[in-house]
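As structure tokens, here come the structures.
Look for subunit A in each of the two complexes below; its partner is subunit B in the first and subunit C in the second.
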Partner chain A sequence: MNRGDSSRRDFLKKCATGAAVLGAAGKAWPEPVMRAEGMPLLAAAEQTAAPGKSKVVIARDAMLRGTTTTVDSSRVLSLLDRAMQSFFNVDHPAEPWKKLVRPGDTVGLKINTLGGRGLSTNVQLVEAICERLQEIGIKAQDIIIWDRDTDEMDRVGFRTSTADNRVQCFGTDRIGYEDELSTFGKVGSRLSKILTQRTNVMINLPILKDHEGAGVTIAMKNMYGVIHNPNKCHPNGCDPYVADVNMLPAVRSKMRITICDATTACYEGGPGFKPQYSWQENALMVSQDPVALDYTSWQIIEKKRAEKKLKTLEAAGRPPRYIATAADAKHQLGTNDPRRIDLIEVSA
Partner chain B sequence: MNESRMWLAACTIALCLAVIAVAGCNRKPAASGSPFPASNEAAGWTKTGETRTFEAADLWKYIDGEAERYLKAGAQRVETADYRFQNKIDAVVDIYTMGAADSAAKILDSEPAGDAKSVPLGDAARLYGQSLVFRKGPALVRIVAYQESAETPQAMLDLGRKIADRLSR
Partner chain C sequence: MPREFQSRASVRQKAAGEAEVENSVREQEVGLLSCPLDRRSFLKCAMASGAALNISALAPPLAAFPAVPVPQKQDDAQFTIEAKFYQKLENKKIKCKLCPRECNIGDRETGYCGVRENHGGTYYSLVHSRVCAAHIDPIEKKPLFHYLPGTLAFSIATAGCNVNCKFCQNWDISQARPEQVPAQYSPPKLVADLAKQRGCPTIAYTYSEPVVFSEYLMDVADAGHEAGVRSVVVSNGYMQKEALKTAYGKMDAVKIDLKAFSESYYKDVVTGELKPVLDSLVTLRKMGKWTEMVYLVVPTLNDSDGEFRGLARWVKANLGQDVPLHFTQFHPEYLLKNLPITPVPTLERAKAIADAEGLHYVYIGNVPGHPAENTYCPKCRRIVVERVGLTAKQMLISKGKCPFCGQPIPGIWHA
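Take a look at the complex of A and B:
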């Protein structure tokens, strides 16, 4: 218990202070868990992470907004390149994407627009990803930017597009959910047809946020946006619902990577945008292990809460228990053990 | 005989319709009107979108993840509309209709005050650099601005006062 607490404190310190490759060698966590069409999806990251560890990259740019309040498109593209190249340990901006997708893939970019303007996936980030995907041969019409609701997307700046030869952009409300339930554990949900029928690869683009019920909402919780009944999955701090949703076969098999938009983040009052509880982290976080990414992000939120003299989420009665559940023997979605997380921080 | 039965049935239906109509009116007092100020009612503010309403059962569609807290406190609905101040500041106004003044207080008091300024508005109010939250009776009002500038707090306060006036009617 003490050892775990100490380990977590060390991790938190390293999150705050700079580049870190965490110490004690951990035993490798189970077999690569996310596979699609025979492609071992963690393989690429495993090649660049320390043995037996999950890699999480945090890339920051203090000048991401220049002197304005909005992020600068060219700096976002540079930041994305730095994050992805660091994650895959490659020199050219196109290389990471070649490890994730192939021409002919239909790629879904699952954004998060629930928080509304101010706390949603940035359009500039999504445009940068579309640019890189097209550079490696993904056709524009084979890219779908999506979330649950087209109006919500429109409100935060994603213009609806269903025209031929263009990047597609619309919500599940346009084509609906599957008729049949997909089930795992306590979850029984109908999945978005964008996930099941229109795409074979998913890139997860969540936000770094506090969450009133779940504690935090980052990579795994963003999958509530692919099911028809997220409102039924909030009891008990969303535990084990978040982990169970991520176990649904279509979610698990199509997920390739998470790129968390932590340009603006929120340490209290989430998931909606409340400027008084938000801060500009000016960062992107990348991982193929959603549990490791969520654990790392949670520590960042705790650090900010401590700065603001707020209780820890545990003391506030809403620790994100679902993160440990996602790492347990039943789920094995990744690791929440800081000794098994290879945390790399890069700055502009 | 048949005619008298038909007459009785017609009278029963008419009575039912009258009861339903009266009940409906009770749910929405005629004097209340919209709490959202029209364009330029608050100097410099333009209402840029239609008012959207989410009843309690659909609250999650607007604030999924936070809905439970509001429902536990007795939220009945939320109405929301977008505004713009002098083409410089975009904002959203959310007005929650809670079951009672205590319910509105419960929500406001559950949120850390942080560096809020206390301002004389409604029954209690907090003003931040980009946000104004206040309650008046069973209403909880939240104004969020998307741009921070020196004039943002005062502009939000002006808009908030007009909303408070309308809530008093």
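Take a look at the complex of A and C:
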């Protein structure tokens, strides 16, 4: 998708066309795509962060929405570029993406739409990512925007698309889960076939929000959307389930980067959207260390809770313990030690 | 849930030369669980399973199924009703009061069971009339040995379970969310009519975990009773007292899977708790519900003498000597494939301990042809119900008594 000739409206229109094709003709799904794994997890992070540290970039734009309530597409693209260029220490907007994927990859964009309109991954952000991916040679049909449920995606503006030569956009409900269980620790789950069969790279696009049970739900917990039984993974504040899900081989090996959509965030009452507990952070957060990103994001939520005179999550009886678990010796998914997090903040 | 598999295993092992039966059963099960069901295939499978199990001698001749209008639309709305057994909290949260887990559920989230969802502060069951498995089974398959022996049970399930047993044989439906398994819209009256028309005096709620579809179970039971069809439930008993009294109060008999007699096993293997299950058994006893118990013996995990003895003593002290207790054989499945099939001597040891503690009706299950499948009079020790596998070969009890010595044999023996 080229920004010069494709607006957001065009993007949605193309997706809508795909929906019509699916509905009218019952299009057969393409053959599963499986390729050799690309670069190993955190390989790029080692190049971008200070030695021994994990890098987290927070890019903010106070004017992201201009004078309206919705985010501006061009400013989102600009914000994305700043965040990604800062993360990878490069000057050109295309360069970060070349470090993540290569032509021939099939790239899954795992969004989060559970919160409904108001607290889901923004269409404008996903559109911007699709644009950059295509600029470096990823074919439109090799990009799959996905979450667990097509209807949920549709409700927040992601129109179903399965047409040839279009960015694909549909939920796991359309193709189902693997029959065989994938297991680690306390987790035994069937994985989305979008993850296992249709993509060889995953880019994680979560939301920054509070969670009634887990404390917070950001990067790692967004992976609950790839398993068939997230309901079985909520006891004990989701600990160690979140960490265990992120250890499942298909999840860990395909994850390239997390770009957290913190344009609108939630400090209480999550995961559903409650306007009274939401605020406009107007930020994107980028990291290849999901633990560092979750830890950093958690602190942002705590800061907002303090501003609002709310108890800390610890005092509220729901600290996100799973973040520390993800960093422990058994999991080693990243670091939750602030001394080992290289936090970079950039503004418009 | 192990129970259905136990019976499958029994069928498989029943006798040499019955491979065709086995294959037939398997095909129908696979067909029901993995393929979208239309009404015709639903009925066909339900009818055929009885024949496949070679129980036609017990069943009335199969008649053509009458035309019953079934809505064609299969959207979620038709399966969704407001749940019972919950409490509204602030910020559109709810607390589920169905099982002891008491899930606190935020807006747009489901409970642990995966089939009950909070929408805007109102709690909904997503599985009312959403049947994902239906078979006609011998009542012995549940197993219920002291309840109408030799009769058939029209057996149904929806997706979902409120625990997560590592040995579950039906995990593909019990651990799935409703939208992940094909289902047939089956309103209560349709189920009751089907059961009656197929010659089943009983509807059984089984395979997955009926606790989680309590609203549907209650409605089907009411429809069944209006049609003269009874109801039994096969359950883990992990349920709050009020919910149990309300829902299972409509049952004519209950079978409870007591998974073990230790809290640690319940925590590590079942993801539940023992005490609420024991409380449920006591409550059922006080309610006067005919109750039988199954204890799946898993090698190395719940097969110690001390556990068997503790269990038997607790049963005798709290439920009485006459509660049937079935020790059944484990088969490796789901997340517990690393353990062997339970050796028969282990099951016999369990039975010997329970017998020695004074329980009157201790059975061994999943071992077709074992003499401990029979019911013996506790006084004269003669066989009063003879069984082979899932088949009741002889039922000698008359008017609830041993025909040889007149000893009362507790149970529901006649329709």
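By our rule, the second predicted complex is superposed on the first by the 310 of 348 C-alpha atoms of A that agree within 3 Å, B and C clash if a C-alpha of one lies under 4 Å from a C-alpha of the other, contacts with A are read in each partner's own complex, and residues count from 1 in each chain.
Basically, a contact is a pair of C-beta atoms (placed from the backbone, for glycine too) under 8 Å apart; a residue touches a chain by one contact, two chains touch by 3 or more.
Note that the coordinates shown come from a computational prediction; the quantities given were computed from them, not determined experimentally.
S.K.: Will subunit C clash with subunit B on subunit A after the two structures are superposed, or do they fit?
M.R.: Here subunit B and subunit C cannot both sit on subunit A without a clash.
S.K.: After superposition on the shared chain, which partner residues are touched by A:Arg117: those of subunit B (first), subunit C (second), both, or neither?
M.R.: first
S.K.: A:Ala283 contacts which: subunit B (first), subunit C (second), both, neither?
M.R.: A:Ala283 contacts neither subunit B nor subunit C.
S.K.: If we overlay the two complexes on their shared chain A, which of subunit B and subunit C does A:His234 touch? Say first, second, both or neither.
M.R.: both
S.K.: Is A:Leu310 contacted by the first partner subunit B, the second partner subunit C, both or neither?
M.R.: first
S.K.: For A:Ala214, is the partner it touches subunit B (first), subunit C (second), both, or none of the two (neither)?
M.R.: First partner only, subunit B.
S.K.: Once chain A of both complexes is superposed, is A:Thr69 in touch with subunit B (first), subunit C (second), both, or neither?
M.R.: A:Thr69: touches subunit B, not subunit C.
S.K.: After lining up the shared chain so the two structures overlap, which partner does A:Pro271 touch, if you call subunit B first and subunit C second: first, second, both or neither?
M.R.: Both: A:Pro271 reaches subunit B and subunit C.
S.K.: Taking 58-66, 112-120, 130-138 or 148-156 from subunit B, which overlaps subunit C after aligning chain A?
M.R.: Once both complexes are placed on chain A, subunit B clashes with subunit C in 58-66.
S.K.: Name the residues of subunit A shared by its contacts with subunit B and its contacts with subunit C.
M.R.: The answer is residues 114, 116, 149, 211-213, 231, 234, 268-272, 274 of subunit A.
S.K.: Would you pull the subunit C residues touching subunit A in the complex into a rising list?
M.R.: Result: residues 91-93, 103-114, 164, 175-177, 179-180, 271, 334-335 of subunit C touch subunit A.
S.K.: What residues of subunit B sit close enough to touch subunit A in their complex?
M.R.: 60-61, 63-69, 90, 92, 111-112, 114-116, 128-131, 144-148
S.K.: Can you check the complex and tell me which residues of subunit A touch subunit C?
M.R.: Residues of subunit A touching subunit C: 114-116, 149, 173, 176-177, 181, 183, 188, 211-213, 228-229, 231-232, 234-235, 268-272, 274.
S.K.: In the complex, go through subunit A and note every residue touching subunit B.
M.R.: Touch list, subunit A to subunit B: 69, 114, 116-118, 149, 211-214, 217, 224, 230-231, 234, 268-277, 308, 310.
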